[in-house]
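Naming follows writing order (A, B, C and D), and every chain is counted from residue 1.
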Amino acid sequence: MPLKLQTPLILVNFKTYLEATGGKAVELAKKAEKASRETGVQIGVAPQFTDIAAVAEATEIPVFAQHIDPIEPGSYTGHVSAEAVKEAGAVGTIINHSERQLRLFEVDAAIKIARNKGLISVVCANNQNISGAVAALNPDVVAVEPPELIGTGIPVSKAEPEIVRATVGLVRRVNPKVVILCGAGISHGDDVAAALKLGTQGVLVASAVVKAKDQYRVLLEFAEKARV
Amino acid sequence: MPLKLQTPLILVNFKTYLEATGGKAVELAKKAEKASRETGVQIGVAPQFTDIAAVAEATEIPVFAQHIDPIEPGSYTGHVSAEAVKEAGAVGTIINHSERQLRLFEVDAAIKIARNKGLISVVCANNQNISGAVAALNPDVVAVEPPELIGTGIPVSKAEPEIVRATVGLVRRVNPKVVILCGAGISHGDDVAAALKLGTQGVLVASAVVKAKDQYRVLLEFAEKARV
Amino acid sequence: MPLKLQTPLILVNFKTYLEATGGKAVELAKKAEKASRETGVQIGVAPQFTDIAAVAEATEIPVFAQHIDPIEPGSYTGHVSAEAVKEAGAVGTIINHSERQLRLFEVDAAIKIARNKGLISVVCANNQNISGAVAALNPDVVAVEPPELIGTGIPVSKAEPEIVRATVGLVRRVNPKVVILCGAGISHGDDVAAALKLGTQGVLVASAVVKAKDQYRVLLEFAEKARV
Amino acid sequence: MPLKLQTPLILVNFKTYLEATGGKAVELAKKAEKASRETGVQIGVAPQFTDIAAVAEATEIPVFAQHIDPIEPGSYTGHVSAEAVKEAGAVGTIINHSERQLRLFEVDAAIKIARNKGLISVVCANNQNISGAVAALNPDVVAVEPPELIGTGIPVSKAEPEIVRATVGLVRRVNPKVVILCGAGISHGDDVAAALKLGTQGVLVASAVVKAKDQYRVLLEFAEKARV
């Protein structure tokens, strides 16, 4: 891993939200950097491919791609290579997000290519079995998304603790070294604290930050709760 | 169409070639700009997503994305929106390249989204029937790739003229206004001249330029032959 | 075309409905055969792959696959070849149904493979532009599904006649010989009559027949209205 | 598991080979049944979807689908439901064959649907990491395909024993109950014996049987070597 991945980690996924596109991506990344400095908690950002270079240029926080294709450089028009996102300044990449799911062999291949190119791999897994399977593929980070927390509106801090804990325990048994993020159910600072208390080492968030009226305030609150 | 698409057009697809990634993408785009100024022939470039902003910043030639996903901004992690590539400085996008083929309804949706966002759509079609079908979807540009010219090593200048002419004729009948590029079989300056003589209004090229020892020289030769 | 495709044609898509799986697929096909004999109107059925052989064995009406993969026989585990459905007794196949959409080049390839193997190709198109594009690919039949009629609950008989007529007109201009079915908005016998009056030569139906309390009665009504 | 899965198991994948389509699928299955009776070794067959019913009707050996889609019955034109293959007589299904690879969440969903419908799931995994990941998803059977054996022409009996043994060991640690088949490198009877000796409980074969001049003789040889 090229970057010493400091935990706890708050990773902010910009998706393709207009509120985090182009100039606004840079602005949001700067707010993340400020909240990170203020609190000493590591905050990473995952802007769109087109914004990676500008965000990496404008800030010193870790920048992640939202996806890479499991390809080597070459004749792959319209694809995203590990080289390209690294050259643009990314230190890692999300893989297999629930909105960009890959075939099993592609998840495996993308993890390996990320490792070879010195990119941190953050692989998403949207239930307990899949979390175990992903852990077996040896990524640097697994972002677990217990389905009880996706789309139900139940935040981690209000959920049955066992839901998250069971997933964390399974991942740990399969792969003791992998970093675990909680990838769903994070709406408030209390959820960040709850996620860490349940055994994860950070959170993967998106709309709670990007769509916030005051993005900086939310980032600061999340970081402060992660520090406790 | 936001840009007055000047023809003849030479569009250079950078694919994910290492020779056209990051700093090298900007260098190649500057060579294209220089060859364009030298000859007065329009040369466009299609770098990787991560390089669009830097290329658009460094040059004044038209920049194209290699692909867009047929999505609106929102919860589409790892996707490429028309907004993102436009905000980064692209004036258009390739769609349905043979290395990034889309489902039929996605080709249609991507063309419409490109138009709505003011992006020029360059849709690839890798045989005669598909060229006609694509023309019926009303893109701005069709890049025809007669299969007789793909991978066979036969350049346009040596091929049966009827092969290209028949495809051009079919596209014209279906859609009299669409701009037609020849998307295969272009290795030398003579092929550019031949493609234009056979009724196309430009060429889509990749390795012949990107992999050339002297990229500028090849660009200049192509542009000079396009001017004649 | 191996079968003289008699029009008007009512083509019943069994989807993966339980009401039309296994033994129930054969029962439903027999009802379709009875309604066809009763009225003289051609009724075809498109059961699941696993039921094609039994349906073709038990009835004399035309049987269609719901999909074929654009492959030749060989190392394609889990795929559906034209040979396999033909050997099982199918005379044709649906291609590119909105629930099983293909990449543009696959639609083209599947149509060609169907023709080579002597299968009638029925290609679905879910808006006007796509209908024109599909017509350019020279299938035997285009099933047009104006989006104004999909999921809106508006039946053809109540829709603006221009909606369907414009699509039919476009398809005719691109391909004067292709048979046109109306693939959406058919709930009652009046819709069958309206679809034919608007220039189509038949209908593609599914739930209105399969989910009906009295499947035979609905089939009979549709066939009678098609005869008028 | 509905069927008591007897091991050792020889599972013959018919792919979409012409030599195992339609009437020839039934013939081949009968040869497998005869070899199975002769030797007492369980032989299963995986014909194309269109042939499942006829093969299940004509023989008493276990019949597998080559693939199922992770869907419930309903509006899924052109898909293959667990219900459909079960109703046709299958007792199980291959999932994620290297020629029909699924997205990670689909592999998980297909295994669960298979279990719910009483179908044995045989999930393919084409390297060691993926074998571990698949084992974590709790299928009934994992068919491991060490990449050193795919396409290299090296048969199991000639390969470094450690190649297969390491994969078997990993799968066992992740999931002690799962049945393990060797899914590559089986060309001769000696390979069957070697695969079993290395810790697998059977083999998944295709061309070595289907393309054989004398299919029955090869089946008999494989079964005899499995018995030892």
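The rule is short, and it goes like this: contacts are C-beta pairs under 8 Å (C-beta built on N, C-alpha and C of every residue); 3 or more make two chains touch, one makes a residue touch a chain.
These figures come from a predicted structure and were not determined experimentally.
Enquirer: Along the shortest chain of touching chains, how many steps lie between subunit A and subunit D?
Expert: Shortest path length, in steps: 1.
Enquirer: Shortest hop count from subunit B to subunit C along touching chains?
Expert: The fewest touching-chain steps linking subunit B to subunit C number 1.
Enquirer: If I average the CA coordinates per chain, which chain comes out farthest from subunit B?
Expert: Farthest chain from subunit B, going by C-alpha centroids: D.
Enquirer: So what angle, to the nearest 5 degrees, turns subunit C so that its CA atoms land on those of subunit D?
Expert: 180
Enquirer: Same or different for subunit A and subunit B, where same means more than half of the interface numbers show up on both copies?
Expert: Same residues, largely: of all residue numbers at this interface, over half are found in both copies.
Enquirer: Measure off the straight-line distance from the CA centroid of subunit A to the CA centroid of subunit B, and report it in whole Å.
Expert: 34
Enquirer: Centre to centre, by mean C-alpha position, how many angstrom separate subunit B and subunit D?
Expert: Subunit B and subunit D have C-alpha centres separated by 45 Å.
Enquirer: Show the residues in subunit A shared as contacts by 2 or more other chains, in ascending order.
Expert: 98
Enquirer: For the protein chains shown, what form does their contact graph take: line, ring, star, complete or other?
Expert: ring
Enquirer: For this structure, give each pair of chains that are touching.
Expert: A-B, A-D, B-C, C-D
Enquirer: Could you pull out which subunit C residues touch subunit D in their complex?
Expert: 13, 15-18, 21-23, 46, 48-54, 66-67, 71, 73-81, 83-85, 87-88, 94, 97-100, 206-207
Enquirer: How about subunit C: which of its residues touch subunit B in the complex?
Expert: By the definition above, subunit C touches subunit B via 96, 98, 101-105, 107-108, 126-127, 129-130, 132-138, 174.
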